[in-house]
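Letters A, B, C and D mark the chains as written, and numbering starts fresh at 1 in each.
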Amino acid sequence: MKLGGIMPPIATPFQKGEVAFDRLRENFERWNKTGLSGYLVLGSNGEAVYLSEKERLEVIEASRKVIPASKILLVGTGLESTRETIRFTKDAAKGGADVALVVTPSYFKGSMKPQILYDHFLAVAESSPIGILLYNVPQYTGVNMEPELMARLSHHPNIVGMKDSSGNIGQLNEAIHQSKKGFAVFTGSAPVLYPALCVGAVGGILAVANVAPEACVQIQNLFLNGKPEEAKALQNQLTPLAKAVTTKHGIGGLKMAMDLAGYFGGEPRLPLKRPGPEVEAELKKLLNQFHEK
Amino acid sequence: MKLGGIMPPIATPFQKGEVAFDRLRENFERWNKTGLSGYLVLGSNGEAVYLSEKERLEVIEASRKVIPASKILLVGTGLESTRETIRFTKDAAKGGADVALVVTPSYFKGSMKPQILYDHFLAVAESSPIGILLYNVPQYTGVNMEPELMARLSHHPNIVGMKDSSGNIGQLNEAIHQSKKGFAVFTGSAPVLYPALCVGAVGGILAVANVAPEACVQIQNLFLNGKPEEAKALQNQLTPLAKAVTTKHGIGGLKMAMDLAGYFGGEPRLPLKRPGPEVEAELKKLLNQFHEK
Amino acid sequence: MKLGGIMPPIATPFQKGEVAFDRLRENFERWNKTGLSGYLVLGSNGEAVYLSEKERLEVIEASRKVIPASKILLVGTGLESTRETIRFTKDAAKGGADVALVVTPSYFKGSMKPQILYDHFLAVAESSPIGILLYNVPQYTGVNMEPELMARLSHHPNIVGMKDSSGNIGQLNEAIHQSKKGFAVFTGSAPVLYPALCVGAVGGILAVANVAPEACVQIQNLFLNGKPEEAKALQNQLTPLAKAVTTKHGIGGLKMAMDLAGYFGGEPRLPLKRPGPEVEAELKKLLNQFHEK
Amino acid sequence: MKLGGIMPPIATPFQKGEVAFDRLRENFERWNKTGLSGYLVLGSNGEAVYLSEKERLEVIEASRKVIPASKILLVGTGLESTRETIRFTKDAAKGGADVALVVTPSYFKGSMKPQILYDHFLAVAESSPIGILLYNVPQYTGVNMEPELMARLSHHPNIVGMKDSSGNIGQLNEAIHQSKKGFAVFTGSAPVLYPALCVGAVGGILAVANVAPEACVQIQNLFLNGKPEEAKALQNQLTPLAKAVTTKHGIGGLKMAMDLAGYFGGEPRLPLKRPGPEVEAELKKLLNQFHEK
């Protein structure tokens, strides 16, 4: 299975505070009809940090059941310690994950020097029964992986690619150029999907793909089919929505947009909250240009 | 029991990768003979983020057994979600914690607005069977609590104080001044222990108190006994060691210093590592001026 | 003349866009009756970056005429290049400056390594006919001088002290402790005047001293006369005003407060502006507790 | 004259500390033979902050004499105050500037709100006899112009474009998309020249174009001629050199590279310095792949 294309880091639906597995299945059933190449389960947008370990395993298994073999099941398995990350990556593989997304540990930011990160990722890759995708998201972690480190890690046979959510296209370009051929680099920032494709990204893992999957897929298709101007135009149409469901209104905003787009969004877990009616009006307006229902 | 004085955020000892409960007990037995007023268990320096939930509960119980009733058992119970924080705070109380230290949630930094944090801490305080100490540590979390928020929260009867590790004395001063009378404000930054006491802090929760507890206690005693110049001189003697076992060499450095000071330090859990021999020489030199063995 | 005490970085008055020398003289005549130990002319709050070189020299000379010999005339002379800084420091000395305040060059932030700064300050000190006060203000410059660098520079006979506006009391304490005996360290941040005095600062160069000079002077006097609790209480009364005329409302706010306090403030130069009436109401309320007119 | 293409922000040559006008002319004579579309004089890389006003005017006039009418003479005229910026922009126009590059004022960072910047740029544009190019360079100024502000300003008939040196391609894309049609947007960051062209930039104002002008020009030509893969390959070849002569080794490194590439570089003005021999070896190696002499 070749890594690439558009995947949403799926939101985890809750009802009365508990994971709503039926709503999760229904969301997948709709997404499965789109051109998405796969899904990231237990990513940041999946509120993984708010799930107990038991819930995490249940979400993986429930997802596996409804995701067809033709689509990738990517699972976020990165934890703070090397041993817990290894253990949970193995559990995720047993639960049906195709590939594990491993974020940089970050609690002790000052200690996360390149060699420490290198050794961590190498130990995880050595022990993992499935391929590893590195995950760089400095806006959440306060830790940035330099292109040199990504490139060094790309040579391990079990490290198959990376997701970079920094939005820094210069860095993405250097990481792609310096990495081994075939290393699958995704952007995690929808407002730069088009330029990321221009510098060689194989796809995007994008929060906004929860609500407007076809628009994201189409940007990549237009790009691949030699229609850069149309791809760019669609990118510019998508950017305000993409910013609204991430930096501007957070996961509460993403879930509200999902409800408006015909998916089940619901409430995030506390301390996160759903935004108020003025944000709802803004999101409606931004969604109206995309008729994906 | 009145909150105040010097407490170390105790390091968690590991042997062959597992929590070494005997070494933990031996460390406590030595610390118990000093002027420390209590202990923080499961703080950042306790590598709490690297412990499984089972291990966390065991560490609380093991600590409780060896800590005399005259000393405070403060336990770090803050997790990312409000419900997990409430649940774990209750468990910690059952395990014998006197007070719970609750850090600001921080994964979704951009969403952690003052009102979100206020509601989170209030919900935890309402549900907790024990008093709550707020914990502000922007260098780890990327989230800073403004004095106004601390002051608002100080009026809840179950929020008994705060630990501020920002090192920002202006902010500490404002927090103390604006909070309700009797609100127990600790600094978490040893290089500013002396000025923190000058502006009204009741004590310090200090990594360096793992290795030089008596020096820390003496700074406060000199200050309280009207000997500011001597307090300041001891502060200036302590500062280089305090920086070495935190910002400079991290938890690996702290544990190395503990071994040199006659406690059991050992290895941190991966991805953290113990520094090399040149750091050992530096730490030896810094410790030599304190004869606490 | 011994360096110490409270000095305002005086605002430069403009009328119809031009320096209003009469208003400047009148302001000095009122300030001269207070306990201020001297004045900083051409500091940040003096909008020095908005003055032509001709205006700068005129402001120095006009100030000298009205400042009695018993009060220090400190002049901001730091420019980006070493040669221009040397030249202007000599001109300021000719114009009557007692001491020159030299800010870290900062345009090429990434190049301002400790050794570059060391060589710059040394070259200026070597050539200057008057003593040099180092000036560290990272919030404006994006460059921070570490205590080690300040300490190294303190050993030059013509470098007589420093002003640190970082507000970082730990750093201030280390700078004082590591510097040569007699090195005159001022804080430039009014909200930490009291703790700065506690760790050994000789005084403060404080924007709020433009509008409430006596309150600032009294904080130091209370501290020196062994009344720390009263000093702290006055500090806490002053802090909200001090923040309002700096970080909150900028130089436009400072000038508005000066008008309300009976000095001439007037308009800052564009692009800076004077804030609106709601800020005026806030400033009035904050000033009302100080009856210095 | 249509704005676009590659322009170097030319380094200002010094000999024995004074501007070396002969060397300047010789550099221009070589650059004039390349495909560069014009020059930025008195930019950051021109050490404009180290030049006296007299020197600045002389550099403009000397440049005008040797720059053919077919190439653009862009001059950096932004100063801190609105009135000085207006005055100097007029002087630059008299001296022969075709377009003025106006940087965001930045000394009082906290006060540089969008409306303040809007009013500043509008006042300059209203008074300027020549077109204005906005200049955003947050790494030097600590101030960032949001795309919304750039877009608002783009509607003034005398504001003809902008240079964005943030390296943030998402922001560049939004600025281009939101601005009026024909607004000439340049990147100021060579490592993202290729992606900047992909999202619609009309060219680059690039430090590395001082030493490898033809490589920069060729990247754009390849892009415009429908050879994206070759453009990208040349970009990746250029990036390490581009980083070496800016972020890594500063203006001293740029001038050293100029000497190695057959131009006159010489010494920067103090406090800047030329790097040592190990940087020279690194630069030689990076330059060797480009045979532009």
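The rule we apply is simple: a residue touches a chain if its C-beta (ideal position, glycine included) is under 8 Å from a C-beta of that chain, and two chains touch if they have at least 3 such contacts.
What you are looking at is a predicted structure, and each value in this text was computed from that prediction instead of being measured.
Subunit B and subunit D have centres, each the mean of its CA atoms, that are 50 Å apart. Here the CA centre of subunit A is 37 Å from the CA centre of subunit D.
For subunit B, residues touching at least two other chains: there are none.
The touch graph of these protein chains is a ring, one cycle where each chain has exactly two neighbours.
Counting only pairs that meet the touch rule, the chains in contact are A-B, A-D, B-C, C-D. The touching residues of subunit D, when paired with subunit A in their complex, are 167-170, 173-174, 177, 189, 191-192, 194-195, 198-200, 228, 232, 235-236, 239.
Those residues of subunit B that touch subunit A in the complex are listed here as 17, 44, 49-50, 52, 80-84, 105, 107-112, 116-117, 119-120, 123, 139-140, 142, 247, 250-252, 269-273.
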